[in-house]
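Have a look at the structure that comes next, please.
Going by the order they are written in, the chains are A, B, C and D; count residues from 1 in each one.
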């Protein structure tokens, strides 16, 4: 049986790969921003960026986080989150998500959620909600590498 | 009489010029993001960007907005907003604001509010609050240039 | 030193207000913001139909306020930043 | 076609759980997720002290759930994305 085609299939239903090897480059973010210049119905962009913190755990400083994932499940969860976001904020023009895998050093960027909309309210609310959902629902694992070579497994609270 | 010196004078009390001539370049935003890599106490960046929309007003499309300001008052208001933001979110690491003056074409960026903090909640709340305050309190004026050469004075609602 | 209302003071105009006045500044005499509004209406055609606010020394004035002529006075149309 | 519990199935392990097991996959026989937990504890030392969840076909399992051996089963430590 053919699945029902909805009008917003193109923007919501593709199972995109959000994962990138290594840190997210600020120049990549600039490119992502610049691409929206042709969408003159957009009035507001909201961007969240996660940066690896040099936390001190039991007196030892975190030097990097090594991220891994259960990729198939994560992408399936992400597709569901994306669809729900477009249902909650139908005015949203687009939503871009990237998460790093591999070793990301303190000070480097590991996470980006970028929403655009005609007005700021949708973009703002969507980014906040999507960031929170990704942190809670996506099977992504982080090994905090501390100075001297040990590690501690990170957990979102 | 000497003014009382507070610990956070450096980060909150400078009267900075937030205004830039012309649109905000995505490459400039990338540079601003990249500069934070040395601040390894930061875990979250939240960025709001305003983009000029090609709204259709009485059947005529907006091609650009020409921004002007009452600069001295705007910068004084901005300093007060900045101080209040750092009081409300003491955990915030930094706050960068830029607003364009002159002619900004549809699709170009005219406004940036960029907050960083150890955790996402402060950065998120501060950006939302600062964006709203700037729109309500700063004497900035916008002339929407429509196709054919006429104009309409914009007003925030 | 009390200033007489006959000494003119420089009033800054912005956006739509400056456009309607045809100038970014006016020299007017007024001993209060309410009196200033009357003077402005004499100089700017159709001002009564426009929304505007008076700022004195970078602060929005609510209600009436006396002026001594040494303040920085501005006439501001609705804000449109962001 | 009912599968016997003696046929082993491949269980995916992640993060801290994979580290403790010393492998990213285990071959185990279990007719339910509760039985799977017992089998896992036999193979992974100190598992009882760890927080983990079972996902079946990419969905988190709450409570017990029968397994037919054709599902994709994974053992997940706490998430740390973002």
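The working rule: a residue touches a chain if its C-beta (ideal position, glycine included) is under 8 Å from a C-beta of that chain, and two chains touch if they have at least 3 such contacts.
Computed from a predicted model, the values in this text were never measured in an experiment.
Trainee: Would you pick out the chains that touch subunit A and also touch subunit D?
Mentor: Common neighbours, subunit A/subunit D: none found.
Trainee: Measure off the straight-line distance from the CA centroid of subunit A to the CA centroid of subunit B, and report it in whole Å.
Mentor: Distance between chain centres: 24 Å.
Trainee: Rounded to the nearest whole Å, what is the centre-to-centre distance of subunit C and subunit D, using the mean of the C-alpha atoms as each centre?
Mentor: The computed centroid separation for subunit C versus subunit D comes out at 74 Å.
Trainee: Can you check how far apart subunit B and subunit D are, centre to centre, with Cα atoms defining each centre and the answer in Å?
Mentor: That gives a centre separation of 50 Å.
Trainee: Among the residues of subunit B, which ones contact at least 2 other chains?
Mentor: 50, 131
Trainee: Listing for subunit D: what residues touch at least two other chains?
Mentor: As it turns out, subunit D has no residue touching two or more other chains.
Trainee: Could you list each pair of chains that touch, in label order?
Mentor: Touching chain pairs, listed by label, are A-B, A-D, B-C.
Trainee: What part of subunit B is in contact with subunit A in the complex they form?
Mentor: The contact residues of subunit B facing subunit A are 26-27, 29-31, 33-34, 36-54, 106-109, 116, 118, 120, 124, 127-128, 131.
Trainee: Report the residues of subunit B in contact with subunit C in the complex, numbered from low to high.
Mentor: Residue list for subunit B touching subunit C: 50, 65, 67-70, 72-74, 76-77, 99, 110-111, 131, 134-143, 153-156.
Trainee: Would you mind writing out the residues of subunit C in touch with subunit B in their complex?
Mentor: The contact residues of subunit C facing subunit B are 12, 14-16, 19, 51, 55, 58, 72, 74, 76-82.
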